[in-house]
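Paired with subunit B in one complex and with subunit C in the other, subunit A is shared by the two complexes that follow.
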Partner chain A sequence: MAGVGSACLAIALLTALYAVAASIRGARTGRREWVTSGRRAMYCMAGLCVGAFVILEAAFLRSDFSYRLVAEGSSTDTPTFYKVTAVWATQDGSLLLWATLLSLFATAVLFLTRRSLRDIAPWATAVLGVVAAFFLCLMLGWENPFDTLAVAPQEGAGLNPLLRHPAMMIHPPMLYTGYVGFSIPFAFAIGALITRHTGADWIRATRRFALIAWTFLGAGIMLGALWSYTELGWGGYWAWDPVENASLMPWLVGTAFLHSIMVQEKRGMLKVWNASLICATFVLALLGTFLVRSGILDSIHAFGASTIGVQMLVFIACVIALSAGLIVARLPDLRSEAKLDSLLSREAFFLLNNLVLVGLCLVIMWGTFFPLISEALTGTEASVGPPWFDRLTTPLAIVLVLLTGIGPVLAWRRVTPRSMLRILRAPVTATGFAVVALLAFTDAAKSLPSLLMFSFVAFVLVVVAQEFWRGTRARRVMTGESWPRALARLTGRNRRRYGGFLAHAGIAVLFLGVAASSAFIQQRDVRLSPGDTVKVGDYKVTYERATAKLGGDSGGTGAPISLGAVMRVQRGGESYILRPSRNYYSTTDPSKGVISRFFDGEATSEVDVRWGLRRDFWLAVRPDLVSLEKPIARADRRFADSPGQVQAVVIQALTELYRQDPPPAAFRAIVSPLVTWIWIGGAIAVLGALVAAWPSPEARLRRVRSLYAARLGRELSRA
Partner chain B sequence: MEYALALLVLAALVAVVVARPLMRRGDEERLESGRIQELSAAKEAKYREIRDAELDHQMGKLSREDWRSVDRDLRGEAIVILRELDRLEGRQPDGVEGPA
Partner chain C sequence: MDPSRKRKIRLAAALAAAVCLASVLAYTSFSAASEAAKPSELREGHSYEVTGKVVDGSIARAGNELRFRIRDRDGSKSVPVTYTGSVPDPFREGREVIVSGELKRGMFVADRDSLVTKCPSKFTKQEQSS
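Take a look at the complex of A and B:
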C-alpha cells in the first residue's frame, strides 16, 4: 500500500496546484465554473490527504516494518494506543498530519463560504492551495512518509519513550490544528487585500476559524505543559524551551488579532494592524513548524537535524515578503473608517492589550533566537535562560491581566470617567479586600510580582462576575425571566461577549496558578535509602521500600523494566503513599550485551503526584544502578547465546536483586502551591472560547423588510 | 506497478470531480460584486454594536445621555448601510421589490 500512499500524495500535489491555477483563472476572468472547479479540487485534495494518512496509520497499527517510518518509530511491543500517536512523532508523519489538517480546514471554510465572499474566496483558495502544495512538495521531495526499505527488519526501533504519555497523544495534533487553523484567516486576509475588499466580511467569515485555531493552539500548549510536568522528571511545566516558545508566540499574536478584529468589525478601524497581525500569526505558526524541524535550536521537543530547514526558511521569507508587499500596496484601501472617540473606550484598551501581547511576543522571540543572533554577531553561541524570560515577561503579564479586567467593563466608543469609576467601584473594593486578606493570611507579601498578580486576578474575577450579574439583572428587568433563565439566555444570545468573559476568567485563574507555583515552590533533591525520612516544607517523606516490575508499568507505556519506590508522605494528620518509578526501555544498539541492552536504553521518569486544589506534592525517583553493573556484565557474557526465555528470567532475577537490596536512590520532591489552577484555568479558557465560537442565534435571523427606522427597531428587538 | 496504477486511478477520479463544473457551461454564472456581502457584514456588525450599546447602558456602563448619543449615531450609520443595500438589491425602502 506504500505505492498507493505515495500516489495519493503525488495526485494531491497536482490537485493543489490545479486548485491554485483554476481559482486564479476564475477570479481574474469572473468565470464561476473555474472557481467551483478549483474549490472541488481542494475537496479532492482533502480526500487524498486523508487517504494517505489512513494508509500510514494502518501501516503503524499492523507494524509493517517495510515502511521506513514504521521501522524507525514503532515496534511490535509498542502499545496500540501509542502506535496511533507514533505517526506524528516522526518528522514525515507530522508533515502529513499538517497537510491533512490544512486540507480539512480549507475544505470546511470553502464549503461554508461557497455562496458568499465570491471575490475573496477564489484568492483564498489559491493561497491555501499554495500552502498545501508546499507541504506536499516537502514530503514528496525530501521526507516521504511512504519510503520503503529493501529488506524489512524483524523489529522496529520503537517509539521514543518520552512520547509515551496520554497528553502526547493529542498535544501535537492540537498544536497543528492551531497552526493550520490560522492559515484560514490568513488566506482570506490575503484574498481581501488582493481584491481590495478590506471591510469586515472576511473577518466575519473566518473569525470562528481563528477562534478555533486559538483554542486548539492554547489547549495544545497546555497539554505540552502537562506532559512536561508529569513526564520529563524535572518538576516544571514551562522551561522557555525554543519549541515551547515557538508555539506560544503565534498564540499571543493570535490573541491580539482576536481582540483587534472586534474593533474593525464594530468601528472599521485597525485594518492595517489586523492584516499585519494575521500575517504575523501565520508566519509565526510556520516558524514554530520550522523550529521543530530545522534543528537550528536545541530543544527536547525538536525532531533534530533534518533536510527541510532551508526549504521552510525560504517559504517563510516568501510569505513575509509577499504579505508585507501586499499590505503596503493596499495602504490606501486600509484607511480607518472612524477615529478613536476616547481613550476611555473598549477599543482603546483593546489596542493597549494588543501592544502588550505583541510586546510579549517580541521579548520571547528575542530570547528564543538570541543564540542565533549572538552566534551571527560574535561567533559564539550564547543563550538566555529562564530567569531572563521571567524578568522581562512577568511585568508584561501583570499588565496584561490588569487589562483583561479593565477592557470588558468599558463601553465601545466612549465612557465617562464618572461611569467608569462607578463600574469599577465594586471590583476595586473587592480587590482591596483580597489584598488585605493576602497580606494577613498568606506569604504573598514576600513576592511583590506575585502579590500584584494575585490582586489583579481577583480584580478580573470580580469584574467577570459583575458582568454576568449586571447582564442577568438587566435581562430580568427587560423580560421578567427567572435568574437562571435570564443568565442562560443572556449568555446564549451574547455568546461571543460572555464566552470572552469566561475565557478572561480562565486566563486569570491560569495566571494565578503560574504566579503561585513559580514564587512559592519548595523543592528538595535528596538521596535516600529504604527507611530514610526527609522533610520538604510541611511534608515528611519516608522511603519505605524499592519496587521492581517486569513489563506492565503503571503508565501502560510498554516499558520492559520499571524500578521505583514506595514512599509514605505525611502532612499534619494526612498520610498517603506515592509510587514514583523510572522506566527502562531496551536499545537496539548492537554494541550492548543481551542483558545490558534492557538497562542501557532510554529511561523515563514516571513521577507520582498528589494533586490538590491548594498544592500538589510531586515526587520523582532516579534509581542508582551501579550495584547492578557487575552482575549485568557477567550476565551479558554468560547468557549471550541463551534463548529469550532464559534471558527474561535473568533480567527478572537482576531486578529482584535491586528490589531486595537497593542502593540509595536520588529523589526530587516538590511542593507546588495552586499549580492545579493552571489546568483548571486553561480548561475554563477553552470552555469560554468554545462558547464564543458557537454560532449565535443572531446569525440565523430572517430578513425583515420595512421602512428603515422601523426595520432597524424590529431587527434589533429580535436579540 | 502499484504506484502507477494508483496514480492513474486517482488522477482519473480527481479529473472527473474537478472537470464537472467546467462541463456545465449552461450554468455559468458571473462573479457577483462583493459589495452586497460587505454591506451585509457591516449591517450585522452595526446591529451588534447597537445591541451592545443598549446592553452597556442597561448595565450602567453608559449614562443615558452617552447611550442616546451613541445610539443615534449608530442608527444613522445603520440606515446608510440599509439604504445602500436596498439600492444594490433593487429594492424599495418599504420592502417592495424595485424595477430590475
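Take a look at the complex of A and C:
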C-alpha cells in the first residue's frame, strides 16, 4: 500500500502543476474551459491527498511497522485514540495533513466561487496550486510519509508520551486548519492584485474563510495552552516559547486583517494595508510551520533538526519577495476611494487597533527571533525570557482591550463627541462602579496593570451588554416579540455585528482570566512525606498516602506504571481529595536492565486540578524513586532472563514497595484565581466567530435569487 | 494645510512611532537578555543561558534543590548546577537541557523554573542518522 500512497502523492503533484498551468492559460486567454479544467484538477488533487492520508491512517491503525513513520511514531500498545493522532505527531505526517487540508479548503472555496470572481479565481487557483505543489514536493523529495523499512521491526517506538493528551489530538489539526485557511484569502488577494480588481470582491468571497481560519487558529492556540496547563506539569498555560509565539503571530495579524477588511468593504480604504496584512499572515503561517520543524530556535517543541528547513526558508523568501513586489507594482491600483474624515470614527479606531495588533506581533517577533538578531549584531547568541515579553505585551494588551470596547460602537465616517458621550455614558459609569468595587473588595489595587485590565474588561462587557439590550429592545418595540425571541432574531439577522460583539466579550473575559491568574497566582514547591501538611494560600494540603498502579492509568494513555499520591485539600469547611500521579513509560534502550527499562523511560505528570469559577487548585507530584534504585538494580540482575510474566510480577512488587514505604515526594501546588475564565472566554469568542461566519438566511436567499437571475439571463440570451 | 504637507507630517509621525517602538524593543531586549553559552564558556558573575548535556550519574537532590552537572554537547568539561523549581518531565541524565542563571564561585546557580529540556532524541530525526 505504501507504493499506492507514494503514487497518490506523485499524481497529486502532477495534478497540482497541471491546475496551475491550466488556470494561468485560461486566465490569460480568457478561455473558460481551461479555467474549469484547472479548477477540476484541484478537486482531483484533493481526492488524491485524502486518499494518501487515509492510506497512512490505515497503516497506523493496523500498526504496519514496515512504514518507517509507523515504526517511529506508534506501537501496538499505543491506544487506538492516539494511533490516529500519531500521524501528525511526525514531520512527514504533518506535511501530509497540511497538503490535505489545503486541498480541501481550496476545493471548498473554488466550488463556492465557481460562478463568481471570474477574473480573480483562476489566478487564485494557480496560487493555491503552487502552494500545494510545494508541500507535495517536500514530501516526495525529502520527507516521504510512505517510506518503508527493509526489515519491519517487531514493535514501534510509540507515540511521545507528552503528546498523549486529548487536547494534543486536536490541537495540531486545528492550528493547521488555521494556517491553511489563511492561504485562501491570500490566494485571492494575489489574484486581485494580478488582475488589478482591487475592490472588495475578493474580500467578500473569502472573508468567511479568513474568519474560519481565525477561529480554528485561535481554538488551536487555546487547546495548546490547555494542554500545557494540564499536561506539562509546570502549571502555566503560556511560556512565550518560540513555537507558541509562532502560532500567535499569524493569529494577531489575522485579527488585524479581519478588522481592516471591514474598512475596505465599507469605505474603500486601506487597500495596500489589507493586501500587506494578508500576505504577512500567510507568511507568518508558513513561518509557524517552519519554526516547529526547523530547530533553528531552542524550544521544547523543536522536534529535532529537520531536513526541510532550507526548502521552507527559500519558499517563504519567495512568497515575501513576490507578494511585496506585486503590491509595490500595483500601488496605483490600490489608491483609497475615500479619506479618513475624522479621528472619532470607527475606521480610525480600527486603524488604531490594527496598529496595536501589528505592534504586538512585531514585539513577539523581535523576542522570538532575538537569539538570531543578537547573534547577527553582537556575535553572541542571547535570548530574552518571559518577563521581557510580559513587560512589553502587557501595555499593548491593555490598550487592545480598551479598543475592543470603543471601536465597535462608533459609527463609520464620524461621530460627534456628544453622541460618543451618549453611547459611552452607561459603560463608563458602570466601569467606575466596577473600579470602586475592585478597590473595596479585592486586592486588585496591588497590581496596576491588572486593575486597568479588570476595569477595561468590565467596560467591554457593559458595552456589549448595552448593544444587545438596545438592539433587543428596539426590536421588541417594532415587532412585539418576547425577549428571548427578539434577542435570537436580532442576532440571527445581524450575524456579523452581534457575532463580533460576542467575540469581543469572549476576548475580554479571556483577558480577565489571564490578568487575574498571572498577577495573583500562588505557588509552592515542597517535598512531603505521607502525613505531612503544607499551606498554600488559604489551602491546607495533606499528603495522605502514595498510590501505585500498573496499567490502566486514569488518562487512558497506555502507560504501564503510574505512581502518585492521594492528597487531601482543605479550605475553610471545604475538603476534597486530589490524585495527581506520574506516568512511567518503558524505554527500549538496550543499555538499561530489563526491569529498569520500565522506570527509566519517559515520564509525564498527570496533574489533578480542582476546577472552579473563582479559582483552580492545581496539584502535581514527582515521586522520588531513590528507595527503589537498589531493588531495581538487583531485579535487573536476577530476572534478566525471566519470562515476561515473572518480570510483570517483579514490577508489581516494586511498585507495591513504593506504595507502602514512599520516600518524600516533590509536589507543586498552585492556586490560580479565575484561570477557568480563559477557557470560558475562548469558548465565547469561538462561538461569536461561528455566529459571525454562519451564512445568514438573507445571504442564502440573495444567493438563490442571483443564481436564478443568472440562469434566467443565460436562457434569455440563448433565446 | 495643503495635502502634500499633511501627508509628509503623517509619514514623519508614523516613522517616529516606528523608530520609537524599535528602539524600545532593542533597548529592553539587549538589557534583559542573557547570553547563550556552553558550560565550558562560563565566566564568574555573568548571567547566561546555558545549553548542555546532563552528566550521567550527576543528578542528586538536597531538600528542594536539584543538583546536577552539565557538560558541553561534545566535550567533557562540566559545571555543577544548583536548581530549584519545576523539573520538566523529560529531564534525564544525558539529555540536552537549557537553563539560565549565574556562575557564582564555580557553581552555576540557576534561576527558579528556568530549566527547559529539549525533546528526547528518541522522537527526533537524529536517531535515524546515527
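We take it that the second predicted complex is superposed on the first by the 699 of 719 C-alpha atoms of A that agree within 3 Å, B and C clash if a C-alpha of one lies under 4 Å from a C-alpha of the other, contacts with A are read in each partner's own complex, and residues count from 1 in each chain.
Operating definition for what follows: a residue touches a chain if its C-beta (ideal position, glycine included) is under 8 Å from a C-beta of that chain, and two chains touch if they have at least 3 such contacts.
This one's a predicted model, so the numbers in the text were calculated from it and none came from an experiment.
Within the superposed three-chain model, A:118 lies in touch with subunit B and out of touch with subunit C [touch as defined at top].
In the superposed model, A:41 makes contact with subunit B only, not with subunit C. Of the two partner chains, subunit C is the only one touched by A:371; subunit B is not. Contacts of A:422 after superposition: subunit B is touched, whereas subunit C is not reached. Judged by the touch definition given at the top, the superposed model places A:18 against subunit B, while subunit C stays out of reach.
Residue by residue along subunit A, subunit B and subunit C are tallied for touches, and B comes out ahead. Shared-chain residue A:27: touches subunit B; no touch with subunit C.
Once the two complexes are overlaid on the shared chain, A:652 sits clear of subunit B and of subunit C alike. Once the two complexes are laid over each other on the shared chain, residue contacts for A:381 go to subunit C alone; subunit B is not touched. With the contact threshold set out at the top, not one residue of subunit A is in contact with subunit B in one structure and with subunit C in the other.
Those residues of subunit A that touch subunit B in the shared complex are 1, 3-4, 6-8, 10-11, 14-15, 18, 22, 26-27, 30-38, 40-41, 43-44, 48, 116-120, 122, 195, 197, 199-201, 203-204, 265-266, 409-416, 418-419, 422-423, 467, 470-471, 474, 477-478, 494, 497, 698-699, 705-709, 711-712, 715-716, 719. Every residue of subunit C that touches subunit A in the complex is listed here, in rising order: 21, 24-25, 28-30, 32-36, 49, 51, 61, 63-64, 84-90, 92, 98, 100, 113-114, 116-126. Subunit A makes touch with subunit C in their complex at residues 72-73, 91, 157, 160, 162, 232-235, 298, 300-307, 359, 362-363, 366-367, 370-371, 374, 380-385, 387-388, 391-392, 525-527, 587, 600, 602-605, 622, 624, 626, 666, 668. Note for the complex: subunit B touches subunit A at residues 1-3, 6-7, 10-11, 13-14, 17-22, 24-25, 27-34, 37-38, 40-42, 44-45, 47-56, 58-63, 66, 70, 75, 78-79, 82-83, 91, 93-95.
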